[in-house]
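See the structures that follow.
Look for subunit A in each of the two complexes below; its partner is subunit B in the first and subunit C in the second.
Then we have the complex of A and B:
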């Protein structure tokens, strides 16, 4: 199953790198533009559940990495070993200075909250997303708070520690 | 009824009635709320102590804040607290409302809850056992007896600086002040 999928992917798409770190898990690294096509291809193959979109800030390489984790509820072609679940992790890296990416809502509609969350916490703008409004945070942040150059300790010192205690008047 | 308490009942019936009818608003914050369902149901049965959870803050007089308070939760906490009728008692549960706990340098968690609303007592620990809630309730009885559970009076008295802190954390608040603050509201009064 895994090896045949690997061969299929390598035959269909160029500019991708495939690694198999452990059984039943494939890591595909692709360019930005190739991601929607690969997602659509994998969805048609039966990996129809987008479990998560996450982001990683690689500050030393000066890039942000998006991970699309795909799996399927309906795989039953490996009944002997019981290892039915196949995870595909599709990675792509985008530059930190221009964090932009095309939305994948057209392929997986459940990507909407994930993209909103990543937009809020990492500052990646998803083009074509219908509403990139704040989801979790109440306050305004100069740097998105999940980026590595956001100094939480400095932020807490400047904001929450500056709020004075309540002056209790005498009884 | 305990015979020793008859004099207390005769002296201050309202206080005694407050003491034995603590209605806790069922407000879930953070991880500590996990401890509350066993406390109010048959295993520990908080009704022995007169603590009953109620659905809305307008029927409640005990407010347990059971975990870390994010900025978004703080808004809900203030609104809930201001809707509760007086006398009302607040208890911070767990180490996170005390000083932030493990979230003391988080980007989105306020650290000291008593800067924003007044607190009658704290239960320290991460997590406190369910028995700690009963210890807190019995301590709260003692405080009510001695007129020391006066957080709601403090809130009324120092409302100006509480409101200032709330605005510092949350930006502009969309509800009007509960009590008159500052000069312009005094000027509006006759």
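Then we have the complex of A and C:
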């Protein structure tokens, strides 16, 4: 099944690279513009469960990598097939300066909080997202905190050392 | 009627956990709900990038306070996959038994929260007491009651102490002996039925569309369980079934939880019978010098709330390059909750939230 999926993807889309690192995993690397079409195609093929959207900051290559992890629900109520074991990781690279990407909420509605989180933690702006408001953090950060150049120890020193220590009066 | 903004949590009698919902209400009808997580955001995923593979274990288990064990399992699975470490056969059985005990404990905690919220205080106290009995087992096995740090890459920390199997059997028998009492006072109680039937109802298509897993999906009739579709540990070694219900409402979800506890107990008995002898631990390299080859892995397991996934990237160093947990409460608490609260009454807000089994620390991480 995994090889037929590979052939279908290669026949339908140009400019993609496909790797099969193990029996149940396909890694597809695509350009930014091609991602929505590939997601739609995979969803129609039955990979209807968007498990996770993640981002990785590859600071040495100067890019941010978005990963869409797709698996599938059951077709019937109780039929377990090899299909549910399969997962696809769809990757795309975005430049670190002014990163932006088109939202995929139209294809997978459950992408909404994942995109919000990545916008907050990695600074990737999702165009067309209805609600890019802060999700987890309470402060503004100059560098998005999950990027590799954000130094947690330096930040703690700068922010919390400014708070004066409490003097206890001795009676 | 006038529209009001109502803050439900984090300090609210109906709220269990560090979570809040902003409700826009008209009369006692909810027009719109907005979930606000982040009260317990500790940045664990970032902190893990600063610590070695083994140093991360004390943080991993703290992501989910109620059921830390599947968190340990998923982290160990990812490290094993990246470093290509094998687990001894007996350790797989020990892991499964341990995880099922954790599932029973976690579901009892969920039952406590749900019964408490509906006003069934007696049932809630029973559930808490029975959870304590399970925690006693964990204390004997691992030394800790809440956070255990028992599963490691390569197996588990130590084998069962002498006589432990009998204690597990006795404890589960004494909890199982109370199932008729639970049924009579809670599950078959007309009050519970009236209060939960038809509340927070979703269809199968909606559940799939919003990324639901676990009880929320199984309450709509789909037998989707990671232990079945992608078996790990020793779940494919014994015969067991996935409990489902058809209606997709709060009543069905709570019944799935009840049936799952009973199924878990039966599974533990079968696993104890089938457990082989042998070592429980394969040695891993010196943790201070342990470098894991470059690569990435996505692994998943069935926690007591649904699909728990972990995307882990190694750049070939002694620390993870990126760790990202896919927790089941994330879609439940941030998508399903907002959708289901629309047009609900204020009295049902806590009902819907707890029936979705939202655990806030899991969302915040």
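Just so it is clear, the second predicted complex is superposed on the first by the 160 of 171 C-alpha atoms of A that agree within 3 Å, B and C clash if a C-alpha of one lies under 4 Å from a C-alpha of the other, contacts with A are read in each partner's own complex, and residues count from 1 in each chain.
Everything that follows uses one rule, which is that contacts are C-beta pairs under 8 Å (C-beta built on N, C-alpha and C of every residue); 3 or more make two chains touch, one makes a residue touch a chain.
Bear in mind that the values here come from a model prediction, so they are computed numbers and not experimental data.
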Which of subunit B and subunit C A:139 touches, first, second, both or neither: first
First, second, both or neither for A:69, with subunit B first and subunit C second: second
First (subunit B), second (subunit C), both or neither touched by A:11: neither
First (subunit B), second (subunit C), both or neither touched by A:87: second
Touched partner set for A:156, first subunit B, second subunit C, both or neither: first
Winner by number of subunit A residues touched, once subunit B and subunit C are compared: C
Which of subunit B and subunit C A:166 touches, first, second, both or neither: first
Doubly contacted residues of subunit A, that is, touched by subunit B and again by subunit C: 136-138, 145, 152
Sites on subunit B touched by subunit A in the complex: 70-72, 75, 104-108, 110-112, 114-115, 118, 154, 157-158, 161-162, 165, 168-171
Complex interface listing, subunit A residues touching subunit B: 136-139, 141, 145, 150, 152-153, 155-156, 160-169
Complex interface listing, subunit C residues touching subunit A: 37-38, 41, 43, 45-47, 50, 208-211, 217, 221-224, 228-230, 242, 244, 295-296, 298, 300, 307, 309, 311, 313, 321-322, 324, 326, 330-331, 334-335, 364
Residues of subunit A defined as touching subunit C within the complex: 21, 24-25, 48-52, 54, 56-57, 67, 69, 71, 73-74, 77-78, 80, 84-85, 87, 89, 108-110, 112-113, 134-138, 145-146, 152
